[in-house]
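What follows is a set of structures for review.
What follows is subunit A paired twice: with subunit B in the first complex and subunit C in the second.
== the complex of A and B ==
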């Protein structure tokens, strides 16, 4: 196979050179991190007060982990390492409660991120002659704009259609001769079921590839998508704390995702002990961002479970490959590509006086898509016997949830004490989606 | 005024039975009932001989229930009477939120229960009386 590269020199650099780059960049990023009160303290505890205190990559291990809670507690500016005038972009993602997390990007940070994405896109075999329909949500979520910039960098014709509106998606594919998609796997399967309704036949479309991300999915799902659509599907990994998509991406060999090690330092740890696991073992992915100075992030605990391949890839890239995400070490749910913490839902429903204490969060498949149902008990003392009161209550819960977690859930009202009482959040979550 | 007991019950087998059991255990006599289906739940409305006691016995078990004032009308079981009643209300621009009726004695006695918005309740009672119908006092309704 003819292997396409965006930056062959770096993508095939040997390990010692990659580590040289990592060390140089780590020092720079530590320098930026020291501008923030949060990291100043973290690094002081690790006896690091200047970039010179990082003498080798081993010194990274001295730095404490950073968690999502750290980002939340320091919202909105506690982790900003540059002056606001040097910030050109702000992205945000959901926190574990109503407080979100925020990421700032300088011009140089966007440039670095864009380069990484250009590599990803090129590695998949997509090229400037392609017409790229970006079906990821734009806005504060990094999935949309991230790939958009990378695709423009490669020179593809970018259709910034965003998510949703299935018939329009299909029509757009036909009208503009879309060849490459960026989309969540569940939505791509859903769109296929709507072809007939849109009165457009697969043969009228010239699709050849799709990049799938934002939700973990199995090899079986990839095969299913490839089979029903007759296209090649490439897995993509990223999270906004680490810029967004483009942390790791599959090449034409489609055997898991090259993680760009000149941009990120990856560690796989035992989530219980925090210790490094043996090479090739699975554990929690911990990432250090080497290419963003506005929001430096060191040793971020992603809560994603995966492993690193130890064998080389036939494409010749030296950057190690990250496996598919096999699960989470926390209770975060991924519903149609949107990250939802049960605590966010709890916060919304418990604020409403007409709701009693027990609730259930249920996720299931309806067709190819995920559907969220929130079951709550009504609070008997505030029941007036009026159906319009109950409808208004339902409407309010739906509206409050929609603004908190973006999803549109169904809400079911239940009798007081009808739902199981449980300690701990996990037991309140019923995930009926088929396990892969 | 007469009181109706409204109970929130989940729409699944056994829930009505549980309510009925509590009423029976408290020696409550049911005079009339109706159920409003609202998807995953329903609202059961009862006219009983002792609404306060029925309410307390259910509330003590943690049920979501409420007592609501309704207008109970004695209406002779005759063709056209319901029309007379509803037209009288309509002419006075009074809206009926919910209603149910039952015959006590064929060709002779019937009862109609109306839920009317609180702000229009007094006006409605006047209109109903003016149309020639008798509004039942609470103990008259409970001891039919």
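== the complex of A and C ==
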């Protein structure tokens, strides 16, 4: 097979050269991190007060982990390492308890991120002759804009359509002759079921590839998408704390995702002990971002469970491959590509006086898409005997949830004590989606 | 005379209506009139019973969500245009009916209808002024 490269020199660099780059960039990034009150303290505890205290990559392990909570506590500027005039982009995600997290990018940071994405896109075999329909949500979420920049860098014709509006998506594929998609796997399957309704046949489309991301999915789901659409599908991994999409991406061999090790240092740890697992064992993915100075992030606990392949890839890239995400170490749910913590839902329903204290969060598949149902018990003293009052209550809960978590859930009202009483938070979550 | 209607919240679960009826039956409470207001995901059962105090106490003790509402039961001529006749009186007197439903049985040749009015006191006064027969609490208990 003819293996396409964006930057063959770096993508095939040997380990010692990669580690040399990692060490140099780690020193630089520690220097930037020391500009922030948060890391100044973290690094002081690790006896690091200047980049010179990082003598080898082993010194990375002295640095304490960074968690999502750290980002939340330091919202909005506690982790900003440059002056605001040097920031050119801000991305933010909603928080689990109402406090969001924020990531800043300087011009150079965006440039570095874009280069990584150009590598990803090229590795999949997509090229400047392609027409790229970006079906990920634009806005504060990094998935949309990230790939957009990478695709323009490669020179593809970018259609920034964003998510939703299925008929328009299909029509756009036909009108512009889209060849490559970027989309969540569940939505791509859903779109296929709507071809007939849109009165467009598969043969009228010239699709050849899709990049799927934002939600973990199995090899079976990939095969299903490839089979129903007749295209090649490539898995993508990223998170805004590490720039966004493009941390790891599959090459034409589709045997898991090359993680760009000149841009990110990956560690796999035992989530209980924080110790490194043996090579090839699975554990929690911990990542250090080497290529963003505005918001430096060192040893970030992603809560994603995966492993690294130890065998080389036939494509010749030396950057190790990350497996599919096998699960989470926390209770975060991923519903149609949107991250939702049960605590966000709890916060909304508990604020409403007509709702009693018990609730259940249920997620299931309806067709190809995920569907969220929130079941609540009503508070007897506030029942006035009027169904329209209850309909209004239901409407209010749906509206409040929609603005808190972006998703549009169903809400069920129940009698007091009708829902199973649960002890832990996890028990309140019933995930009926088929396990991969 | 005002009567007490009991509203019971029913979640969408098999056998829930049976649970209410069987509980009332076991306690020797007789349902005189009933209707169900339903939505796609829940229902509200509205009943007029012979022993309303006991019914509410029993329902609440068994975990049901129940609430009391004032209604008026009116005798209506059981012939074509009977209901229209009485609705005309309400319309002419600017009395708003929120909902209404029929009795299970009747105790004269007239039909019996339960009305929930926006303004129960005003409706009661008009009914008395017009000499219409309304059902008393005593009658309900002994029906």
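Here, the second predicted complex is superposed on the first by the 436 of 436 C-alpha atoms of A that agree within 3 Å, B and C clash if a C-alpha of one lies under 4 Å from a C-alpha of the other, contacts with A are read in each partner's own complex, and residues count from 1 in each chain.
In this section, a residue touches a chain if its C-beta (ideal position, glycine included) is under 8 Å from a C-beta of that chain, and two chains touch if they have at least 3 such contacts.
Bear in mind that the values here come from a model prediction, so they are computed numbers and not experimental data.
S.K.: Kindly say whether there is room for both subunit B and subunit C on subunit A in the superposition, answering fit or clash.
M.R.: clash
S.K.: After lining up the shared chain so the two structures overlap, which partner does A:82 touch, if you call subunit B first and subunit C second: first, second, both or neither?
M.R.: A:82: touches no partner chain.
S.K.: Looking at A:378, would you say it contacts subunit B, subunit C, both, or neither? Reply first, second, both or neither.
M.R.: Both subunit B and subunit C are touched by A:378.
S.K.: Using the touch definition from the top, say if A:390 reaches subunit B (first), subunit C (second), both or neither.
M.R.: A:390 contacts both subunit B and subunit C.
S.K.: Where does A:418 make contact in the superposed view: on subunit B (first), on subunit C (second), on both, or on neither?
M.R.: both
S.K.: Between subunit B and subunit C, which residues of subunit A are contacted by each of them?
M.R.: Subunit A residues touching both partners: 378, 380, 383-387, 390, 412-418.
S.K.: Can you check the complex and tell me which residues of subunit C touch subunit A?
M.R.: Residues 5, 7, 9-13, 37-39, 41-44, 46, 60, 63-69 of subunit C touch subunit A in their complex.
S.K.: In the complex formed with subunit C, which residues of subunit A make contact?
M.R.: 378, 380, 383-387, 390-391, 394, 412-418
S.K.: Touching subunit A in the complex: which residues of subunit B?
M.R.: Those in contact with subunit A are residues 4, 6, 8-10, 15, 36, 38, 40-41, 43, 59, 62-68.
S.K.: Spell out the residues on subunit A that touch subunit B in their complex, using ranges where they run on.
M.R.: Going by the criterion above, the answer is residues 378-380, 383-387, 390, 412-418.
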